[in-house]
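After the structure tokens below, expect a handful of questions from me.
Read from first to last, the chains carry the letters A, B, C and D; within each, the first residue is number 1.
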């Protein structure tokens, strides 16, 4: 099974040269650490920044400079700052090439639920609904099963939806899966030490398994 | 009868302290010369400027700094520049207090025609349709009659409209008139050397004449 | 230019009545109008509807107003990080309306641009879409969302001039420019108040036409919510 | 950062096909992409639909393309000051669509902000409203106008960096930022091309994400349409 860092590392391979990328909170944030140095990528933070850099060195934190997770950050040369309307404007206009975010549930037709658990305190959707409704390419970074051992890859989401038919790819601790246009999770890759049967058991939605499922290349 | 400069001077009296004002091409441009020095007024130019100043001194023209009439201008301390979308955004949101523009015809219900003469070359409406549709307070500066001696204050416009029910006040070489909410031109003031009967003859639309029509104070 | 300076936060907010609808700039605790919030708490204006991306934390930002139960309704996109907020919400003392962040920003901008409504795909197929008009353009569904106006918009800028022109710094810009455009009355507090002409006209973020009152704030705490740093000469991140 | 530099106007426009829809920034002759227009004329790209606030003058700006009959359709708000334009229009060689200036600007912005349509009162009750959907909000009528996209948006900025970030100067900004956002491919020509980091991130007007190609232009003529000046120590204006 993959660690969170390994999930992030695997997702980083999906980032291509010239991409503008929005990284959500949690595992997606870690993806930044694994972007190959030989490709040109710009990170967007939806609170109004293109060209987000690493965390500041201790003592160099600037309270006026944070990311969408409210973490202190830095900017890289060539960065630009803008207001929230323009930020979501460029997201809505699909100028951001790839969005990576977490999820509580994903359905086999690409629906996502990641903002609300009925009966629990509702913190709000933040920018998640805008991102999933607008992004042309969304990868979900998530655990395959929840703490109770139940699959989070479902025939249909049980939690209130964040967006519909929007998720294209999922990377979990067990597998890499594409969401098929006609519905269903297509098993692209398995974690090196995980069997197809194990993944099948952990996937409640329709799983489409090709003849050969390669192990992820974690190099 | 008033000269163009006198029309501009009379209109300048309508400008109050704290106003943001948009001046159209022609007589309205001249209004800037008569704004009292003891009031604070900011001129907006719809190509993207607040705080327009006078024409530059000879030799100091800047080709990057023009007004909506494409004339070289200057900026005053405290000016700001913005793009065309924000410029018309603030016009549409009625942040501009007063718009002064010319007209070919005005109707007694406040319609205005000032952009197109069928059969003649059509140059376009520029920003006129946006301005008249949005402005909360519009004053028209115009000649009372055209070169053929025909009234330009009509029961209904004969030319293609620029906007409907939007004109509040008209200043001509003969008179100052309010457009009544229920329709009709209310004669507020007459030019010093012009009789009410003369104005009546020159006004084809319904003219409402109160008992006393003072002569304009041109001081 | 038109002179918009008031002497203090107290004067700037003096006429905000109980029951007013306020917009407050900021993202988390970044770029919030600290001085005006303090003045609103001191004056104990109540029954407020607050439109802001977040609701502060327990002891800072809008959290200070929540603590004194000055807020009747909160309209926001994300309200975590605030236990008192949660208590009032669960007890029914506080109304909350949650709005997608981009929709919130664009509805403010729409008001500032005189557009009564905008179309966005955010929320299609979710409970956010309930009761709202859906339109299809080019085969994609969009929600029609209404422009947002506030009785008072309260924003924080880095620099401003006496004519109300504003410049923001780094990501403290966030919602401030769009909210500044959406207030019937817009109040700006700035760290540095300068004379007209000292700000470059090409680099003003909010033109003074959108700002009705401006004052120089003081004592900015600028609290950091998530202090994340890396160690020197290392790429490892650590959160504290 | 992502490197967007091309070597020249020729390279920047090399793949613009006959029949393309172009947006061209500028207001009058102020802030127009002089180098790209010259390259389009030299390559003789034809059958173009041009979206631009104006159509240049007889011997400059878009007028140069009109002179070579490269333009099939002109979409603009004001097209005076151009005799060749008038001749082609009256002879039926040229199609023209006139759009209120604010509507033109906002339709471009809408594309850049992913909004399929906007509402504006401009044109209500006029021939501009014919065939368009009218909606009432708060008792006022608005036209629904569609977002405007172009195959190529061609803009002129003062400074830009190799990542495509743009800064405009004075009123040469005008339509350039909104058109830069609306191009499927956006080409920027700049007077000064600098390295990433040389432009202040807080003062970038067009973030590089909206720009696909950038190059340093040369030989800017910056022709003035209406040279108006005042005499020293006098308030009298004179037009020449």
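Everything below uses one rule, namely that contacts are C-beta pairs under 8 Å (C-beta built on N, C-alpha and C of every residue); 3 or more make two chains touch, one makes a residue touch a chain.
Heads up on the chains, UniProt names are A, B, C, D = Succinyl-CoA--3-ketoacid-CoA transferase.
Being a predicted model, the structure only gives us computed values, none of them experimental.
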In contact with subunit A and subunit C alike are the chains D
Most distant chain from subunit B, judged by the mean position of its C-alpha atoms | A
Here the gap between subunit C and subunit D, centre to centre from mean Cα coordinates and rounded to Å, is 33
The distance between the C-alpha centres of subunit A and subunit B, rounded to whole Å, is 56
Please compute the C-alpha centroid of subunit B, do the same for subunit C, then give the distance between them in whole Å.
-> 37
Listing for subunit B: what residues touch at least two other chains?
-> 49, 75, 81-82, 85, 88-89, 91-92, 134
Provide the list of subunit C residues touching at least two other chains, using ranges where the numbers run on.
-> 106, 113-115, 120-121, 168-170, 173, 201-202
Viewed as a graph of touching chains, is the assembly arranged as a line, ring, star, complete set, or other?
-> other
Provide the full list of chain pairs in touch.
-> A-C, A-D, B-C, B-D, C-D
Subunit A-touching residues of subunit C, taken from the complex the two chains share | 27-31, 53, 76-80, 86, 89-90, 96, 98, 100-106, 108-109, 120-128, 158, 168-178, 205, 222-232, 235, 237-239
Tell me, which parts of subunit B touch subunit D in their complex?
-> 33, 45-49, 54-73, 75, 81-85, 87-89, 91-92, 111, 121-130, 133-134, 160-165
Where on subunit A is subunit D touching in the complex?
-> 18, 20, 40-42, 44, 49-51, 75-82, 85-86, 88-96, 134
Residues of subunit C that touch subunit D when the two form their complex = 106, 113-121, 135, 137-138, 140, 142, 146, 167-170, 173, 200-203
For the complex, which residues does subunit C have touching subunit B?
-> 1-3, 111-115, 161-163, 165, 181, 195-197, 201-202, 204, 207-210
